[in-house]
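Take a look at the structures listed below.
Look at the two complexes coming up: chain A is in both, with chain B in one and chain C in the other.
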Partner chain A sequence: MNIYDSSSSLEIDKKKSLSIIKGRNKIKFKKMITILSFLLPALILYSIFMLYPMIDAVRFSFFDWDGAAPSMNFVGFDNYIKLTDDKIFIKALGHNLLWVVLSLILMVIPTLILAVLISRVKKGKTFFRAGFYLPSVLSLAVVGVLWSKIYDPEMGPINVFLKSIGLESLAKNWLGEPYFVIPALVIASTWAFYGLYMILFLAGLQNINYELYEAADLDGAGPIRKLWSITIPSLRNTLNVVISMVIINALKGFALIWIMTQGGPFYMSELVSTYVYKAAFSMNKVSYATAGSVVLGIIVIVFTITFNYYRERSEN
Partner chain B sequence: MRKYRRYFALALTLVLVLTMIVGCQSPTASSNEKKEGKDKGSKTESAKGEKDNTLDLYIPNYFNDVEKQQWEKAVNKFKELNPGVNVNVANGDVQVESGKLPTLLQSGVNPPDAILMNAGPGRVAVLSDVNLIQPLNKLYEENNWKDQLRPFAYDLISGEEKIYELPHMLDAIGIFYNKDVYEQNGIEVPTTKDEFIKALQKLKDAGVSPITVGARNGYAIGWLFGVMLESVAGTEKVEDLLYGNGKWNDPEVVKVAEMMADWVKKGYITKESVTQTQADSKFRFLSKKAAMEAEGTYLITDLVDQKLQSSVNSFMMPSFIEGKTAKPVGGIGLTWVIPTKAKDVDLAAKWFNFIVSKDYSNIVLNLPDYNFVPASKASVGMVPAGEVLKTSMKDIENGSGYNPSVFIGVEAKEAYYQNLQGLVGGLTKPKDAMNNIEAAAEKDRAAGFKLNKN
Partner chain C sequence: MESRVKRWKTSQLTLWVVLLLLLLLITAPIFYAVLASFKTNMEIFNTPFSLPKSWNFDNYINAWNLGNFKQYFLNSAFITVGGMIIVALVACPAGYAFAQLSFKGSNLLFYLVLLGMSLPVQAIIIPIFFQLKSMGLVNTLTGVTLVSSGLALPFSIFLMRNTFRDIPKELRESAAIDGAGEWRTFWSVVLPLAKPGLVALLIFTFMNIWNDFLLPLVLLIGQEKFTISLGLYSFQGEQTTNFGLIFGGTVISMIPSIIIYIFFQRSFVEGMTGGANK
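And then the complex of A and B:
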């Protein structure tokens, strides 16, 4: 074999490897196109209906705009600075945080217990499941009117019952007193949403290996021990989803409050969502309201990311 | 096959994109042709060149069938006078405060030709400031509406260079009372401050709620406060507050707030009113669980609906100022506006001409269940068939007092409603409440809100 032969074979190898690389690139490109073609419809929808409004909302918050005028004045961070000085907005933020805490307490634990109890029922499980899910199919407008009547200070069943058993001093104007209005609204909201979380818990419970309970029974574990050591750890993923959803829904809550109190009386149930709605649509302060929404959005994102970060860290 | 699959995928993507583009269009997005047509003469021409003679009206929700029938009669008369014109009546929330009306107009979807909305510069300005409704100066000149309105009504809407509304009716908010409850407790209609306070105490002692109010709806607690303000501080003071340099934390105004808080404390106004809606309050009043309610003539249709015309009447709370007579409060209750995007302004103007005409007043005032005092000059001197409306029309023969909710700016109004709720609920002190309202009014002033009157 002479030197020319080896160089020509090298060239052939080079050509071969080049064509292989080209072929691989072509396959990669085709794969990419395939992936993109699957993602594109969702991406287009997501960009138009989610990303674009969100980015636009952030943009509006840097302007002074009434919602209809053809021109907008750029004001930089003015709207955000005004928000820090707005006592009602700060109060509304505080109410939002209280709402989150109460929602977590009233929604996660009782719903989990309810799901565990229903999963234990031998007969009529479907009936209980459907029955307890029923409030979730009602519109929030109906729920709002219903609970307004339940809380009615004179004709509402709660106060009528309390008065009938001689506990008149406990009969309150549930939506009219500062210490009761938010808890009362959270209870109504819990009633409207617990069915959804209960279904999630039930789905999670079905995935737990029953042999774990049998082994625990053999070891003599009681029901509380089994709940604490088997059920809750096995439901970790479901719990994470439920807690995230409760936090997000609590921070975004609007419809029920709007129907039942409109943020009143005297701002006692004002949440950021009701406050920004009034600012945008009753007062024409669209850009100011948008700044308020952006602040709320950031809080929701921070809450969710922090929660998931700690969850992942604890799992690791 | 693969080749076809690709084409199929491409076609599907195209369909998706097209669907989205079409879906994102407003169902009534105007074509350029239509826009041009509107610019030329505010006329709508169909594709075939025929004139679409349909007038779209947007009016408040009917509270009951009586109101619905009244409107049907008025619309039928209009159609009779204008053959070939169709009228579409849509109902909805016409309060600016709830945000629905501005949202409807901002969306630009199916804008009506004319809207009957809750009146007042503080409300109309929310729409006119952002060009959602159009100025009517030219139409006022062409149709001579100035001379066809009661001077009091015209003065209230013509303080600025541009006029945006045509008043439909005048409010006459006073105290409505249950005659039976008064009789059962031996109470006569009070004519002095002392008699009024005595009546409140007597009713309280008898276990009857003297005054009910649906404070959860800001406008309703505003009615009661407006009536109290007129009686205690007087019309001039309120005028100074709304049109002059008056302040909400003026001692005389604070005195009214203190009186309201005191009445709650004494049980003249039930503390539970804070969570009561106007509908709940009306129910309590009409079912005679409460003796009195601050209301406007709106109540008349309910009285007719429930056959209570003979057992309810109204009076104005006596003046607390020696030698003065308090007037029912109000101003303009409902007013007509034309959206900027209205498709047929000519038809809207035709309808407005009908509203200020003698024909309209004749029709409505002869209905025993009619519940508004028309703002037209044509209605002056006419005697309405209904007894309660007769009382109200007589009460405002020489003008009326002011319902502040209608006249204040957006910041002040929100503070006004919330702080009055706070007073009824015992959640704030009178002085603080008035300071809060004044602070909000100052924000409005700083933003350029200023009322002018002719």
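And then the complex of A and C:
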């Protein structure tokens, strides 16, 4: 009787715990479904329009395809090897590099100084911040059209002004001469992009301990000294972010160049992005162009990853 | 003491004057465009820096009607509003999942988001074109809307994750104790608190899609489908020397973003600093 009893109670215990496990699995399963329901729309959209094209980009680059033929020929690394022999592609890469350097010179320190000046104003800080940000609100199409008219050799205000004060010899065809075209484009792009960096600097400046400046004042330090030994070191993290963003944006540049010069004259302002666009959509060298764009993508991603790796290490 | 106050006041005054002059210099191209949009070609050439003789709206009217800007405007509005709705509906739940729910593989998925953020569009635009072609969506506004939303997704998820991460988890837990399901908690407890982040997301999406150039350039072919950016670009190509008319179109293209900017200035700043400083 006793034995009988205990065994039956054991049986019941087993059943109980089994049903508990089952119940737990059920809860776990239900939880998984809930989480999935939060993520699924994003996963689908991301897979169709980002992940799949990423895989396709790599795939295309190993084939020979004109975009219309029903079959693709596998050619291995041929497209990449051809790129290293392509004078225009190499030139375009060089222009990208020049674009990066010029952007860094024009954007980082001048924008930092502007932000410092704005942060020193007691009344009207918001007004200046909003005003100086205005160009960044405009679309690149607007900026491109506007600046190509400003640079216009005949009717553009720059040349009209130079002629009116008798400096006709300085009036140039800004977008038509080999050595002026890239600097002219970088100036337009600086105008379009500096606002974002100004905002980031202003946010960074707010976090600097004001007492440091007061101490420096007591020591009789001048404004340049203060900028160099207090502001810049305290803004190290912001500066890192800004510099990396300037570099990445310079590598990605397309719209302004396409609108203002289409890479001309004679490829003098050709960047990788404009060259790739032309190769794919007007010369029908689809797989070759894709290989070029993969190279650009890899440069940007490798730069971003390395940069973030070092930044995290230096911040810890 | 008095002299110090005085010195402070004069230094503030100098600062003001310097900044004001700089601001005028920097915004001069915008003023130039606005003034030129009221002028005839002759006036732009002869008196480029003066006020127009009369405030003549002909350039605007011609750009709007003959230059098709009306159609471009509607197309841009369709793509932008559609994109904003899709991005908000998709990125908010995903950002919430990353910030508040713990699940296996969340790190791996988040790396995908970060990868998407650093990937330049140029690297995948060619396959996107052919993908859309196979779906029959090249040269359709729907196609551009979908692609724009997809490409906006990584940054949007990132922004919403940061927003939701700042909301204490205890709130969610106490809602769960009260018997609310996860979606209900998300919708009626957490989302209302994330309103500033949501506003920033919507403005960001608006600006990105409304101002985009590359996607419409690659994905739209017929002029009747052009967005305002693409329309302005082709307009300047057709009207190369008609400066007044081009500036009319340029100013029309500026107006929507400037209006949004004036109304939501604060959210701009918050969205940007929130997005960049993790």
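Note that the second predicted complex is superposed on the first by the 245 of 316 C-alpha atoms of A that agree within 3 Å, B and C clash if a C-alpha of one lies under 4 Å from a C-alpha of the other, contacts with A are read in each partner's own complex, and residues count from 1 in each chain.
One rule holds in what follows: a residue touches a chain if its C-beta (ideal position, glycine included) is under 8 Å from a C-beta of that chain, and two chains touch if they have at least 3 such contacts.
Note that the structure is predicted; figures quoted are calculated from it, not measured.
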Query = Counting only touches as set out at the top, which of chain B and chain C does A:117 meet: first, second, both, neither?
reply = second
Key: Partner chain(s) touched by A:193 [first = chain B, second = chain C, both, neither]   = neither
Task = Could you look at A:261 and tell me whether it touches chain B, chain C, both or neither (first, second, both, neither)?
result = first
Message = One more residue to check, A:62. First (chain B), second (chain C), both or neither?
response = neither
Message = Contact-wise, after the overlay, does A:281 reach chain B, chain C, both or neither (first, second, both, neither)?
response = both
Task = Mind telling me which of the two, chain B or chain C, contacts the most residues of chain A?
result = C
Query = Touch check for A:37: first (chain B), second (chain C), both, or neither?
reply = both
Ask   = Touch check for A:48: first (chain B), second (chain C), both, or neither?
value = both
Key: Shared chain A contacts, counted only where both chain B and chain C touch the same residue   = 37, 41, 45, 48, 67, 148, 277, 280-281
Task = Within their complex, state which residues of chain B touch chain A.
result = 9, 13, 16-17, 20, 24, 96-100, 102-103, 106, 126, 129-132, 215-216, 218, 271-272, 274-275, 277, 280, 410-411, 414, 417-419, 421-422, 424-425, 427-428
Key: chain C-touching residues of chain A, taken from the complex the two chains share   = 32, 34-35, 37-39, 41-43, 45-46, 48-54, 56-57, 60, 67, 114, 117-118, 120-124, 128-135, 137-142, 144-150, 155, 157, 160-161, 191, 196, 199-200, 203, 241, 245, 248, 251-252, 254-255, 258-259, 272-273, 276-277, 280-281, 286, 289-290, 293-294, 296-297, 300-301, 304-305
Inquiry  = For the complex, give me every residue of chain C touching chain A.
reply    = 12, 15-16, 18-19, 22-23, 26-27, 29-30, 32-33, 41, 44-45, 48-49, 86, 89-91, 93-94, 96-97, 101, 103, 109, 112, 115-116, 118-131, 146-147, 149-151, 153-154, 157, 181-183, 186, 207, 210-214, 217-218, 228-230, 232-233, 236, 241, 243, 246-247, 249-250, 253-254, 257-258, 261, 265, 268-269, 272-273, 276-277
Chain B-facing residues of chain A, complex = 37, 40-41, 44-45, 48, 66-69, 148, 151-154, 173-178, 261-268, 277-278, 280-284
